[in-house]
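Paired with chain B in one complex and with chain C in the other, chain A is shared by the two complexes that follow.
Moving on, here comes the complex of A and B:
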């Protein structure tokens, strides 16, 4: 009998959890397929099959799901992320994602595996979060638990590197678990600092090196197609990029504890915590809030950050991306922002 | 305290509640073009429409020296639960000194809840508070009863005549001081409406439309382009998924909402878990309306509403499976009256046409 294959859409929280899933599936010896990088064609398919007013990241993931279906996978792995912390959930669209997919894409051939994830922390390796997966592939409980543990510790190593200052970009193009393992070991033993901490950068043009905090969800910041490769554009202009994934948990928690009422959405809270931390940090020259068209939680977060940035006298810009963003528009905005920051720095 | 509150859905509930507790209540202005423009100007671009309207109302209220604004909170994940916190930021940033009291569930933070309630209670005794809540609940139940009659009768009579009676009834209810007056007012207006009873045709000639959606745009006529009157105008009866008393039941005494639970269970067929707002319940209501023999559903939502986008995504499938036509309308500051009217008219024509073909 042909071995059944399972597909993972390269969208939404893929960028946050992919080492975990890659390791898990390789330990379980499953035939894994990952959807292609986001492209015009893939995005167009997603746009056609989703509501026009829904946010871009959902359109993107619909495109990736269709892409996997065209690759003839048997199953699509689409966990329903509900909560990663007591009393805090994710955006309603995450909660309803499997429902949306199964009711709006009736022609899908592949079967959706939608385990509900209810974890107490970002570590989602509990057995009850993977019961449907285990059942579908007839994996005994003991074996599943063993694989989950291994995947969890592997993911922790990846995460520690992120806290040290590596970007998710440094890893996210790798699909082979062996290569990923090697790379992670290499970084762990490397004496060179990650690019966000390098003292000197090779800059094409003259000008001082800047530190910019790029605040946005993993699926906006690290999907190079949808954000027009903003990170590399910034790097080329002599910018050290800081993202929320570099802010350690304690920092985020500390900022959140100052709120009477934190927001309801896990990753929005993480962004808030990291952004407040960067707003107070003298080393950071400016903040860019990278948000997708139609993002609800970001409309609240953006307003809060805008007011707070004024208070801390930090330069702040909102950059909105959608399915039709032109590259020149992003370029012009970034260039203007960087010129402004440099001018400010020189005056001091 | 000189206080006010957002003009959001059951304003009469808030007004009566605070008034009976002895506060100096400033009635918030009804949303209009000026208020919406003001709100849009000072709100984040992608905030949902109700947020923008409330921003406008708050800013307008600032002209009346209001000391305190009271609003409801929530524990999400619908954005509405966080409005209060963001409005605090916006008003402070604009330089207004006003206290915004957000009523959150006691489950989230008991001490905070207790402090808030004590503040709002003022000098009234707890017994008095309980009486006030009871009075208001009875009042809304009476109002809902009249409104449901209005929504039926308007379909077969001149909108203006029936509306006149309905408006008089509301004015009378706004004035009540005690629970004893409710019954008298209710009967007075039910009797007035009774004389139009003859106009209701035979059962097989009646068309009914159910309105579901996000609570604010469903309840607030000044925001939803008077959608009910529009539907009535074309000779269709209307019933909503939400009425004032439902709102109170859900918020003040969650333990008596058995039938609401059942509706939610119906919704699980399409949305498996609670995802915030009323998304799951709305799906349940849609199925419920079909089972009650309604001819179509109008689904209202603010543009970009998080939970309702999920329910809209599954709506096509539901419509096909249960064979009930659904029209979804997104409402925001750009929604034009003529646009809504045209869409509603086309939708209702389609339903009648479909019905005629089935008969022939």
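Moving on, here comes the complex of A and C:
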């Protein structure tokens, strides 16, 4: 019998959990397929099959699911992320994602595996979060638990590197677990600091190096197509980019504990904690809030950050992304923002 | 002989060309409506410049281009500085009005707010999603009412009564206008209502919770509209200054920036000269089908020679122009496409590594916390496994 294949859409929380999933599936010896990078074709397909008012990250994942279906995978791995902390959920679109997909895409050939993720922390490696997966592939509980543990500690190593200042971008193009393992070991043993912490040579001519915190969800900040490659654009302009994934959990927790009441959405809280940390940091020159048009949770977060940025006298800008293909609007805003920060620095 | 610096602003509604001398004095000024062919209009503008100025009197030392069409015209002219319009506007107005605190700029397609402290811009905002509250909105309504846009502002001042019109959205504004007209409000009153709606919209979208400080400068094409100026003054309860050359401030600013760049880097201008007015320019685009992005690649051709290629996300076509060798282009493309992070790290920097302590990560503590969490998790898991197993399975849907 042919070995059944399982596809992972390269969208939404893929950027957060992909080392975990790659390791898990390789331990379970499953044939894994990852959808292509987001592209115009892929997004076009997603847009056609989604509700028109929904935010662009959801349109992107619909495109990725269609892409996997065209690759003839047998199963699509699409967990229903419900909670990563007691009494805090994810955005409702994550909660309803598997239903939304099964209703928007009735002619999908592949079967969707939608385990519900109910974890108490970002570590999602509990067996009960993977029962459907185990059942589908007839994996004994013992074996599943062993694989989950291995995947979890592998993911933890990756996370520690992020906390040290590596960007998710430094890893996220890798699809093969062997290469990822090698790269992680290499970074762990490297004496060189990650790029977010070192002076870049090639940008010296463009003036002083700037430190900008780019606050946004992983699927907006690290999807190079949808954000028009903002990280590399910033790097080219002589900016060290800092993202929420670099702020360690305790930093986020500390900031969150100061809120009278945290928000309902897990990742919005994480962004808030990291953003507050950056707002208070003298080394950070400015903050960019990268948000998808129509994002509900961000309508709260954006307002809070705008008010707080004023309080800490940090330059702040909101950058909205949607389905545009023209780059001029994003370039104009980034350029003006950087000019402003440079002028401010020169003046000092 | 004078040294002149050209500033060109390619906006969505107008195209402006100016020239300043070493002392930033305006020597030439041209404001034209953008009818959709920027290259031809710029060529015409340059011909006008050539005819008006005595060639023995001046030398072009630098060229700057700004506005939403800056990239293309930057290639055509061989500009020294190509920069966004926010920086350009801020530069010009802080030069003319060093005491400025707030700059309102309303152009054809977007509106901007720039906050200035001690002569430098410290904050800005730009309309994000919609063009209600910009020049195009007014243009559209003027056309509806059958009034030339030039008379639009003056008419608002003749209004006797106040009427409220929704400003959030062009469609709502229109339906409001029609119904108010049917109630018997005059055109002047409707226009005043519209002007107030535009300013309200601007305040809601851009100013938000910012505290504005004087002097207040109002520039951009819409600043010619005295009705809007009056509405602004009423809203902020203070005088609003419209600079003399309000409609070409972006062009003046970019010329100043070009001058600064030329002086700072001590370089010759890369301006392609006035001969370019006799060249035939052509832009053609094609869809590159080499990957799933299907980029719309735009080629700028001058007298049969390709001078610029733009619009490709991977940079392959743009690179092909520089190296003029298709193999090199293909190489650079492949490199980018297969970029393995392993390579990415390959000695990008050999500079002195400066330790910046941004993240305090106590790995030991982190580990301890994780360990504790894990133990807790395992305990709970065991509990779950034993007692709640059935319930748990019931709980999982789809």
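As a convention for this text, the second predicted complex is superposed on the first by the 343 of 348 C-alpha atoms of A that agree within 3 Å, B and C clash if a C-alpha of one lies under 4 Å from a C-alpha of the other, contacts with A are read in each partner's own complex, and residues count from 1 in each chain.
Going forward, a contact is a pair of C-beta atoms (placed from the backbone, for glycine too) under 8 Å apart; a residue touches a chain by one contact, two chains touch by 3 or more.
Model, not experiment: these values are computed from the prediction.
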| item | value |
| --- | --- |
| Touched partner set for A:323, first chain B, second chain C, both or neither | neither |
| Chain B versus chain C as contact partner of A:111, first or second or both or neither | neither |
| First (chain B), second (chain C), both or neither touched by A:181 | neither |
| Which superposed partner A:192 touches (first chain B, second chain C, both, neither) | second |
| First, second, both or neither for A:98, with chain B first and chain C second | both |
| Which superposed partner A:74 touches (first chain B, second chain C, both, neither) | neither |
| Partner chain(s) touched by A:173 [first = chain B, second = chain C, both, neither] | second |
| Chain C versus chain B, contacts on chain A by residue | C |
| First (chain B), second (chain C), both or neither touched by A:307 | both |
| First (chain B), second (chain C), both or neither touched by A:131 | second |
| Shared chain A contacts, counted only where both chain B and chain C touch the same residue | 80, 98-99, 116, 293, 307, 310 |
| Residue ranges of chain C touching chain A (in the complex, touch as defined) | 68, 71, 83-87, 118, 120-124, 126, 128-129, 208-210, 291-296, 313, 339-342, 344-345, 348-356, 358-363, 365-366, 369-370, 373-374, 376-377, 380-381, 384-385, 392-393, 395-398 |
| Residue numbers on chain A that touch chain B, as the complex places them | 50-51, 53-54, 80, 82, 87, 89-93, 95-96, 98-100, 103-104, 106, 116, 259-261, 263-265, 293-300, 302-304, 307, 310 |
| Chain A partner contacts - residues on chain B that touch it in the complex | 43-48, 73, 75-79, 81-82, 85-86, 89-90, 92-93, 102, 104, 108-109, 112, 270-277, 279, 303-307, 309-314, 316-318, 330 |
| Of all residues in chain A, those that touch chain C in their complex | 36, 39-42, 80, 98-99, 102, 112, 114-116, 120-121, 123, 126-128, 131-132, 156, 160, 163-165, 170-171, 173-174, 179, 182-183, 186-187, 190, 192-193, 195-201, 211, 225, 229, 242, 246-251, 281, 283-284, 293, 306-307, 310, 315-318, 320, 325, 328, 331-333, 335-337, 339-340, 343-344, 347 |
